[in-house]
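Comments concern the structure below.
Chain IDs A, B, C and D follow the sequence of writing; residue 1 opens each chain.
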């Protein structure tokens, strides 16, 4: 089957259009319309009044990371390094150690995420075989006054709860 | 070289060495036959059935490749449907009770089962009954940790303890699905080669407690090197990795196959000697205990050497041939006496007939070839008369503190060019840091006259200068290791024909060594 | 099959008594390889002690000049070697294919429910011990139960119950 | 010279110097908030002093303070520090000087004395403008060259080529205008535009020179380096052009220079083509004659305007999301109060005028003030056009820019001269 060729009519070849001035004025009328609309009633602006009005985020939103726990409170992570291996920006740093609680043989003794390097691609979440790392904290504004405090440790990651109900998160394909 | 035979693999003609089995012979020409239980050092056992191939000459449809020697005109089938099916079936069988805990398994990434599954199977499990559970994290002694569930019962470890170390600590107990590798109760592994079991285990059943969980293997850079633990000079792989924001460190040594020297294995002492490369390192130049800049240190050493009337230089028997040559040159330049005294490197009775030697000096043959005197008499006389000792990384107290030497050393003004912080260098007034053997390249000659070359493996954030570089900074003419060779070739007869760039991985066995053995 | 790799220790050194010692010396010269003597030696130990202890295995390995682990392998492989004291009635249920297909599991489950022993265990009163064994060579009349060396073939749950009743 | 003379000199010079500077603040505010409204955004409106945002004007103060207190960096690689420092001054001062010749009200007749309402009363008028505005490009070239930075040099070169190219059509457009007005004196030009064509059309420049006004406005945009002709800065390809190495107040001077230039060229366009300070159909003399009715009209109009303005503020100056005790509504209440007091004061002033001071000098001053207001209002609108164009049209490519200058505007300007001359010669 041959590709269908459709000749698109070229715009801008009429005299008036080539004169440019008329088109400039047309364009300017459009922008002026917007200007007056907003000037006369600025409640019509297409803006969100952040930070007072926060955006509603969905369960699929990739926010700051967290590490999940089993129902009995033990760490789900088994320090398999899959997230670190998959991380395209190399922002995950894990150190593993022995584990004796019967869940696994291995657990992280250090789990650092350098949020300054993270690109929030979510590959770590996809790579995780244990559903131990998630990006469902709903935290989208990650700021700090120092570089050091942008590196999250194991404790920080475990402390933050998820922002969504389990079924909602699962529905999001997580 | 053995004679060549021609045979056909999947209809394609290949030429291989005769006298080998199919696995070994075809591996040389790049054809892989999957196998678990066969290991060239342990021989064919034929229990895993993974290497089943077809031979089109009236034999049964499936024969184990590990037990089949190559023959002229043999027609080997590797990709026939029934071969593929048997491979899939064997893998399915092996995986019935395998826990598939690859995420937490240290072997993941270098696991035969994993690789073969990806290459030959990719089937889903059909099992619906619960898996048989067995012992996990069992301490077998000598730093070997065993996981019975991951085991594929190839028996390599059992055969290793019976054939190689002849200690026989391991056995396969029980039968059928309850079979497992075990030690006899109360008799854990107890031999100096036990960690080789971790290397030869095709799956993650045997892990080393030393390396366990420390790093994933796919992050490691695997550079060939030579163990400097003793005069055997075993071929090793240096597995190292630079973690983010950190320095390049070695995580483990593994045996590298070199049939000329160590065969397939290395001893545990050598394997664990990697820790010495990471720890206790001298990283900064010191003058009377105070940290100074390296360049400043070099200047100070030059000054002292110029002032000294009768300097004495002491070189480590671990140094590479090139470094020895360069130090020899610099000794001539400063009119210094040169000694390679290193009797303390010999620990009597420590060696065995296999891979461990009494002599812990890696390159004593180099000292002999370059005719560097390493007699105690010469060194003692030199030490008594010298006003400046320059010690190039020679740990005089290796086998224990020598009181006579210690009192003499304390009296002598000395300069230490050292890679590690050791007691022997404490009396030195100037200390210069230098590279250790994983951080430079060179050649060494082992006790059996095998010349081996190794390359720089580690690239530290602050790369320490190697002895050769330090001699250059002190005014020597040798720029780098290859630059030393024309001189070495001229003065050492048995090395005259060696091309240092063309030394093969397995090394070169030097000839007419008796004639050149003068210095000893 | 249950795991037989847990050995029991008597706490006392083992040695053949004089009669078996002589028997051992008489037999060992028959074999071109000394290791071939392991199995007869294990039999002798079991005859002497009733079961095979850690010490017995060590003694046999020492005596033959082989590794204890090798003797251990054989002792655990063959289910006729008792690695712990057996009950008054030692019940062996075949677990290999024919018997399994003919529902040996019903018998094993019944024993677990009724007497409370699982394969490898001995009942609290010491009367019954159960072992699942590999093929007993009577596949044509499966399932097979062996009680103290005596074969009972073509068993089903009812027959087994009857058999058990005769033992009480 | 009498005291009145001196006072008026001071007043005029002060007007010429400070009005453009004050307008910088207004223009920056207009640009940012205007840009936002054109694009359906809000623009900077967060900055406040005690909760008073002044519609975003406080942001300008904050920016000014920031720029003033920033570290003033002269990069180490700059060899000619003198020129490096001179450049922003040059840009700013030339822009400011241009305004000196622009009349902002009709000649003020106080008694028997005539005061020309320009900062510097000069006959050469438009020629002064052309001379000084052309000088401004030296600042840009110097800045680019002395920055010792390839982007800077490129920006400077572009600016130089651009300004030179567009001065020609600009000058030629003026030639035909001069032919129409018959003078180069800007005050006389402004007075000329007070007349009526055919008795009912105000004789403003754009009526007489419809082609000329287009050419002149386009060229003026190019002269001030404003979009769509801001090739000298070209953030996307040459980072920031000539002021890439500048920081702190030196950068601020460039910035202010740009806005002053924009204000001045708006003022000039208004003067030349849009009747300067003239209120259509109300010449100076008419206004003087009918001063009282005009004042009464203003007095009636003021509260009406005030009412609508207050309503507009109330509607817009509030938080558009739920907020308890919305502080912005309180802010608005203050503004509305201020507005009404302002209206009240004006009403009182005008009432005082009506009752006590009408006739003679007071009328003249009142008319002058009205004309100044008109002039500033027109200029303000023209500045708005600048902003409007900037947020509507995309930037030209550099070759397009030169092409328009040389191949379109230049022939058109020549044609315009020809037609104008022909009409003038034919109809006198």
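Observations, loosely collected:
Heads up, the rule we're going with is that a contact is a pair of C-beta atoms (placed from the backbone, for glycine too) under 8 Å apart; a residue touches a chain by one contact, two chains touch by 3 or more.
Everything quoted here is computed from the prediction, not taken from an experiment.
Counting hops only between chains that touch, chain B reaches chain D in a minimum of 2.
The centroid of the Cα atoms in chain A and the matching centroid in chain B are 46 Å apart. Per-chain Cα centroids separate chain A from chain D by 45 Å.
Chain A and chain C have centres, each the mean of its CA atoms, that are 64 Å apart. Not a single residue position of chain C touches two or more of the other chains. Among the residues of chain D, none is found touching two or more other chains. Arrangement of the chains shown, judged by which pairs touch: a linear chain-to-chain path with two open ends.
This structure has the following touching chain pairs: A-B, A-D, B-C. Considering their complex, residues 78-82, 84-85, 90, 93, 96-98, 104-106, 129-130 of chain A touch chain B.
Partner chain D is touched in their complex by these residues of chain A: 21, 24, 27-28, 30-32, 34-35, 38-47, 49, 52-53. Listed in rising order, the residues of chain B touching chain C in the complex are 134, 158, 161-162, 167-178, 180, 182-187.
Chain B contributes residues 101-104, 136-137, 212-214, 216, 218-219, 243-245 to its touches with chain A in the complex. The residues of chain C lying in touch with chain B in their complex are 1-5, 7, 9, 54, 57-58, 66-70, 72-73, 76-77, 134.
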